[in-house]
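Down below are the structures I want you to see.
There are two complexes below, and they share subunit A, which is joined by subunit B in the first and by subunit C in the second.
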Partner chain A sequence: MKRQIPLIISFVCGIFMLIQFFIPHPGFISVYRGILNWARIIGVFALIIGIGTLVRLHFRRITRRSPGWFYSVVVFAGLIVTASAGIIGGTRGKLFVWIFQNINIPLDATMFSLLAFFMASAAYRAFRARTLDATLLLIAAVIVMFGRVPIGDFLWQAVAPQSWVDKVPFLPEQVAEWVMSGPNMAARRGIMIGAALGAISTSLKIILGIERSHFASSSQ
Partner chain B sequence: MSLTERLLNIDRRYIYLVIAVAVLVPFILPFHMPVYVSQPVRSVYDFIEALPEGSVVLVGFNYSPSTMPELYPMSLAVLKHCCSRKLKIIGMTLYSSAATIGDTALKEMAESCSYQELQDYVYLGYKPNFEATMLGIGEDIADPFPTDYMNRPVTEISMMKNIKNYRDIALVIDLGSGNTPEAWIAYAGSRYGQKIASGCTGVMVSGLYPYLKAGQLVGLIGGLKGAAEYEKLVKLTGKATLGMNAQSMAHLAIIFLVLLGNVVYLISRHKARKKVKV
Partner chain C sequence: MNRKILAIIILFFIPILPIISTAETANLRGIDTPNDNGGSIILEWEVDTEFPRIKSYRIFRSEVTIGDMKPIGNAEPGVNRYIDNKVTRGKGYYYIIQTIYNDGVVANSPMIGPVVPKAQWFDKSLLPTAGGVLIISGILIFFIYHAKSGKKLTIRRIPGLEAIDEAIGRATEMGKSILYVSGIGGIRSMATIASMNILSRISRMAAEYETPLLVPCSDPVVMNIEREIIRNAHMDAGRPDTYRQENVFFITEEQFAYAAAVDGMIIREKPAAIFYMGAFMAESLILAEVGNVSGTIQVAGTDSITQLPFFIASCDYTLMGEELYAASAYLSKDPLLLGSLKGQDIGKLIVIACIIIGVILQLLGYQWFTNLFR
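Let's turn to the complex of A and B:
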């Protein structure tokens, strides 16, 4: 029963969602809207599970005095203070907005901006023209990096002969655009069509109960 | 140790220093560079420009604070354009961490162009499970959003009186850093025929080109460059335009490092082959 009930629910919901698309009957629409509401309600539980996992993990690190346990205290402090500010003062409350604008945004932006440094270091060490494929990738990357910023056009207009500049004043940008809308798009379309076919096949397998890896264990 | 060996094993901190200098110098010594407006960005601008006054635009602020430097200036430029065209704006987010971002951006826009909340714009806030939310808007916007960000019933908001679902919305603009553009296309575009424009981070641009060329997106504003292009179109000197210099120099520095790395690699390989022959 533990496996059969979820399998039946998956089958009924999957088939219903499939056929309701083609039957715009008020009864079907009403059930469909009900299912969408359920889906949103279930989505909220993902947040609760996330917070629960975060609390459990960091509580364990503090009680065991694991290396860096002090940072777990900071996590708890952040969680309690921010949640309290939002619940008591509201999401437009001064403290809540202040925390978001002066702590959350700078910290998050700092973490993300570090990527530029790591990427530059990794590109210097690993982006090598070892094979023909790697060389093509390298050339495409340089063209796009050069064309996707105004300095590409600026240098082109400063260095190239005037007659060429008059004909194509924004050549680097246009070449980068061609790389994106030509070779890049062709490759992307192939990948996307493959992924979509895979998603359809997996969805059908889940609806029909052939694919069961989303249960606790495939061996059960 | 030879020069090539030293360059091959260079301390990564020197590379960090090069990038830091490349990013900082343009802020200390600013200079002007021409910004070319690409067709995907112009398409978004033209579409909004062609909308009649009072049309409804749904703006999704679907990005976290980490991508704010790219997407926040873009949000402001797009919102400024919408309010200059006197369009009604519905703001919302599918990211819990973006709830305050959308609210702040709309308030900033409202201050600059005298827009009144609940009359000219409404902010609905955050809802989880974006597939269900997008599909829900297609049936009745009050299903996923029974109240706005400040818990006021949506059905009682004057601006929302005649807005029920996608049929009443002229354009969805997704300003996102994740997979929300694809979801809008699948759930709002394909199912309800909704027109969609996307503003995304630089790294997402290549992945959205197939949708753009297939006509599933009316236009695409990509990264800080796209934001700068949009600022140029709406005649705004915002943070994207100012940030273009730093991004230009950083790109140049990375191109230089990649080329240097390859030159050094080829020299060392040539030397190694020579040694083997000897």
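Let's turn to the complex of A and C:
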């Protein structure tokens, strides 16, 4: 029974969600909305469990004086102050909004800005022209980079013969656009079609109870 | 001036004497919106050829044939369609359209009705999608059960999946932990579900080798399910005692805060192997680059197309799109699961055939085939 009940629930819910997509009748829509509400309610309770694990983890670090335990104190301070500001003053309260605008947003922006440096280091590794593939990647990247910055067109117009510039004044931009909308888009769509088929296949395997790796075989 | 007075008189009498019919707004017709839940009615009329003279249209509605006509909306000149979204399913409605001219003259259309909005049991506009789902599902189910016959299926080598054994072995030899990151997608993301299937295989291997597996989560629902998966894997491996619940923990739902926390773990814990499997966004490179700098063996898998180049640049192996979904079957070697891979390949062949047929028909000027996929 421990194995059968989850399989039956998966099957019934999976088939229902598949069918309801094609049925606009209000009866089906209301059941669908009900299921979404259940998911939200489960999510809220799961969040409580999640915060519990976070608290336990950092509490243990503090009590054991693990390396970097002070950061766990910061986690607790942030959790308590932000949660208190939200609960007491509401999510539009002055303190809560201040914390969000002056701590959350700058910290997020800081992490996001790191991406520029990581991109540079990743690009340096990826574009080393050691193989044919890497060379093609490098050429494509240079073309797209030139096409996406104003200096690309500026250089083209300054260096190329005037008759060529008259014919195609924005060649770097046009070539970059062709790379993005032609070969790049074709590859992206190929991957997307494969992924969509994979997603359908995985869904079917779970609905039919063939994919059971998330169950323990000892309980089968 | 006289026209304005006339307009005011007509407007005044509309609620009680609605039908002052002219031929100005011709062929007004009302239809129940097809393929909906019975929540709207579509009104269509022929645009007056003199529409530059028209200032606007006013739409009036009543639930009875005589009187009580109430304005419900306006339409711009040149527009020949209005959707009434404020109707109750199963109730009859009567409509007239009033044309207001620039010089103030107004003219009413003949009243139409009753138009009754009804809910449909099948969205016919999704018929091609339903057909596609049935065909692809049928093929998959056929090959899944065909695999039961015991016929050996050959599948291509996927280096990224073969590297999983190597990565776990390396972590075991080094006596270090394995870090498993299932992305920032919630439980509704298919990539997250595929990631869980891979996690169950990896956690079983890790349990067999007694290698610690750390799983930081960004979604509390995902965390609870992953705990259950890892606990079951330890039971399967016959080592329930080595299961550490605290190794699967929630960090935050905030994307960059999550990335910062995982980066910190990579720097402090120095895991021997890192797996990134699931749905990722801009944090992918922040995670993978830090892992790369720390010298860890990294295997990534995602269907997030925009993040694939970052993983390819920073990780040792990357599973692209469908390979993520094929991983569970590939790792388990279960004939039933492998059968689904064969079905997927046939599905791809059908898609390729459709693309070729579509291109040829489009070039020949036939658009009905491509319209099926719109």
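By our rule, the second predicted complex is superposed on the first by the 178 of 220 C-alpha atoms of A that agree within 3 Å, B and C clash if a C-alpha of one lies under 4 Å from a C-alpha of the other, contacts with A are read in each partner's own complex, and residues count from 1 in each chain.
Keep in mind that, in the parts below, contacts are C-beta pairs under 8 Å (C-beta built on N, C-alpha and C of every residue); 3 or more make two chains touch, one makes a residue touch a chain.
Just so you know, these numbers come straight off a predicted model, no measurement behind them.
Once the two complexes are laid over each other on the shared chain, residue contacts for A:Leu197 go to subunit C alone; subunit B is not touched. When the shared chain is aligned, no partner comes close enough to touch A:Leu95: not subunit B, not subunit C.
Shared-chain residue A:Ala46: touches subunit B and subunit C both. Once the two complexes are overlaid on the shared chain, A:Phe154 sits against subunit B while remaining clear of subunit C.
In the superposition on chain A, no contact is made by A:Val31 with either subunit B or subunit C. With both structures placed on the common chain, the touch criterion links A:Val175 to neither subunit B nor subunit C.
In the superposition on chain A, A:Ile62 makes contact with neither subunit B nor subunit C.
In the superposition on chain A, A:Ala123 contacts both subunit B and subunit C. Once chain A of one complex is fitted onto chain A of the other, the partner contacts of A:Phe112 extend to both subunit B and subunit C. Applying the stated touch rule to the two superposed structures, the overlap between the subunit B and subunit C interfaces on subunit A comprises residues 21, 29, 39, 42-43, 46-47, 104, 107-108, 111-112, 119, 121, 123, 125, 188, 192. Contacts from subunit A toward subunit C in the complex involve residues 18, 21-26, 29, 39, 42-43, 46-51, 53-54, 56-57, 60, 67-68, 71, 104, 107-108, 111-112, 114-115, 118-119, 121-123, 125-126, 188, 191-195, 197-206, 208, 210-211, 213-219.
Contacts from subunit A toward subunit B in the complex involve residues 21, 29, 32-33, 36-37, 39-40, 42-44, 46-47, 90-92, 96-97, 100-101, 104-105, 107-109, 111-113, 116-117, 119-121, 123-125, 127-129, 138, 141-142, 145-146, 148-154, 157, 170, 173, 177, 180-181, 184-185, 188-189, 192. The touching residues of subunit C, counted against subunit A in their complex, run 35-39, 89, 119-123, 126, 129-130, 133, 136-137, 140-141, 144, 188, 190, 193-194, 196-197, 200-201, 217, 220-221, 223-225, 228-229, 231-233, 235-236, 246, 248-252, 254-257, 259-260, 264, 268, 282-283, 285-286, 288-289, 292, 303, 305, 308-310, 312-314, 320-322, 324-326, 328, 332, 336-337, 340-341, 343-344, 347-348, 351. The touching residues of subunit B, counted against subunit A in their complex, run 10, 12, 15-16, 18-20, 23, 33-36, 38-39, 64-69, 96-97, 99-100, 103-104, 125, 127-129, 131-133, 135-136, 139-140, 143-144, 149-150, 191, 202, 205-207, 209-210, 212-213, 223, 225, 228, 244, 247-255, 257-262, 265-266.
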